[in-house]
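Going by the order they are written in, the chains are A, B, C and D; count residues from 1 in each one.
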């Protein structure tokens, strides 16, 4: 309770002892990255800790979501329907700075901005997303992406729009090549939803066309469900080549649109979507937070980077198997990370009995959706999936289930984007 | 199924004398162990037994496969040559059928 | 010198007790038999496999042995054994000095979380052993 | 109007009042599909403000496959009775 007496004491302390007032100043929570992890973290912090000062650093003024990008490729959604601004985030009381965080000094607790400014913090939530590993596939660099789009890091939406234009311009009967990376990568079911959504467009607009999916892996998320749907909806249209049948792409010729496999097979295609191998975003690697494989190992309760306690790393930049790199996991884990950060800053214990929740929906066709659910908890050595729970949609001819999951997928998208960017 | 699949080998065309070069091999094969159940029935055993690499007829590397080798056996080894030679890669299944491929490597 | 005949003979002579059920004792017994009862030493050999395999049907594994690979001293054999598969044998490799690096990469099957054992035999008769653990995940978005 | 120094003092004294979310974080995951604040989203049912007993009964039925659903059975089996109780109590208390 606020009494006149505590007020007086507080005022007196502020006037008499600036050093003490600094110690009692609002806790500064700095969030790097305005995507699913960072925007969710900012909202949760703002809603739950009115006394904490929340600052969000995000270079872009408009955020294009990865989820539902494949529906833009299908032509059933427009880019502006998956693009969001930060007005509502700001209106909620978050200080939003549109600049690039270029470096972290964990000792001084300060973040350097590309614009020259340095921002101090008490606790840092780092949700920077991924970097594409240019050159991991020989010949696939930023220039090549202008010819063979990845459309995997949306940026301003240009990559998604480019791939859509190429699909629209392709002649009927053309082959669309899709190169799919090894694990781990952002959104495990994403490439297969993309195959499905491109197929749904081709079936309507260019029915003689084919999709050649060249995969570095031998198995993938919701594989049985996807392949059942491909056989039912797009028979003969999709060829999926796993890594152990020479599906791994090691080289591209961007001008000739040639995808070359590990054993030298050269696939010349009409349109090529190359999803390259990935790592945590550059700032995480530059700050020395990532392991040798390029991802940030984190504490399963607090999400503090093992390499730098005090920096809580959420979203696709961390490695938290068996949890997937998904928007929902970024959202779900953001709350535990923020609550832990603030508790630790105040000398309290992080919330106990943490659980993390994920539902990944994939659109496979018109009114045809499938899902995988996972409930995870901190374990003695990382994260543990809760036994006898979660899992994928049932297989079989279940039109009502598929139709409802497609509708529920839309509701998920609306709910989670409202939470991050809505009023 | 009568014959075996066509083997795949990735190997440099030219190498320097005595220097290590990488050889990658991939052979499509289900490697059925005879232990797997499918729809309540046991799938019959169908395994590759061995991969042999020879240089001018002389064996330099062999692999003997047992149940724990994955389907579509994949191997990476590093060899070296002192002079230009033909390398022959031969896979043999447990029924004695073989698939073979020859690659000439020129030593410069 | 290794002739074709001795080579095939070597392969044929590889013991096959690992086809027995891979209870821990059986694995140990199999290894003893494979090594002729001699005790392998740890070190000079590395076994690399993913700490967590997303697909137990295709687990990449690399065995690398420290060896000069000269006619005088080279690795003659590498054996891979699974400790908790239905049968423990994975593969055995026979090497010669023409193998420039005593290193083999392959893909193996792991039925469940377990340890994998690699044993290497050198031309001087010494044996080396490495053990690595792998967890097999079917979960997350991978199922 | 309060002088600035008094406002600052107000902020200083706030931590004692706001120690963070006095609610199970797991309850917030529901909003990922059921709308912000679990207030409902299109065809997805609102949860906030519904009687706790009704929510517990629904989750229990989903868990036992006694109530038809698409994904709720898979979700309900991931939480203990105590967790479901706490989540339901939290949602019931929301408006």
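In this section, contacts are C-beta pairs under 8 Å (C-beta built on N, C-alpha and C of every residue); 3 or more make two chains touch, one makes a residue touch a chain.
These numbers were taken from a predicted model, which means no experiment stands behind them.
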| item | value |
| --- | --- |
| Comparison of A-C and A-D by number of C-beta pairs in contact, larger one | A-D |
| Distance-to-centre winner among chains (Cα means, whole assembly as reference) | A |
| Approximate Å spacing (C-alpha centroids) for the pair chain C, chain D | 52 |
| Length of the line joining the C-alpha centres of chain A and chain C, rounded to whole Å | 39 |
| Whole-Å separation of chain centres (CA-atom averages), chain B against chain D | 58 |
| Cα-centroid distance, chain A relative to chain D, in whole angstrom | 24 |
| Sites on chain C at which at least two other chains make contact | 57-58, 107 |
| For chain A, residues contacting two or more additional chains | 244, 374, 390-391 |
| Two or more partner chains touched - positions in chain B | 70-72, 74 |
| Interchain contacts, given as pairs of chains that touch | A-B, A-C, A-D, B-C |
| Parts of chain A lying in touch with chain C, wherever the complex brings them together | 183, 187-189, 217-222, 243-244, 321-324, 326, 358, 360, 372, 374, 385, 390-392 |
| Complex contacts: residues of chain B adjacent to chain C | 19-21, 33, 35, 50, 54-55, 57-81 |
| List of chain D residues in touch with chain A within their complex | 5-6, 8-15, 17-21, 25-26, 28-29, 31-36, 41-44, 70-71, 74-79, 83 |
| Residues of chain A defined as touching chain B within the complex | 244-246, 262-264 |
| Complex interface listing, chain C residues touching chain B | 2-4, 7-8, 11, 14, 16, 18-19, 57-59, 62, 80, 82, 85-96, 98-101, 103-110 |
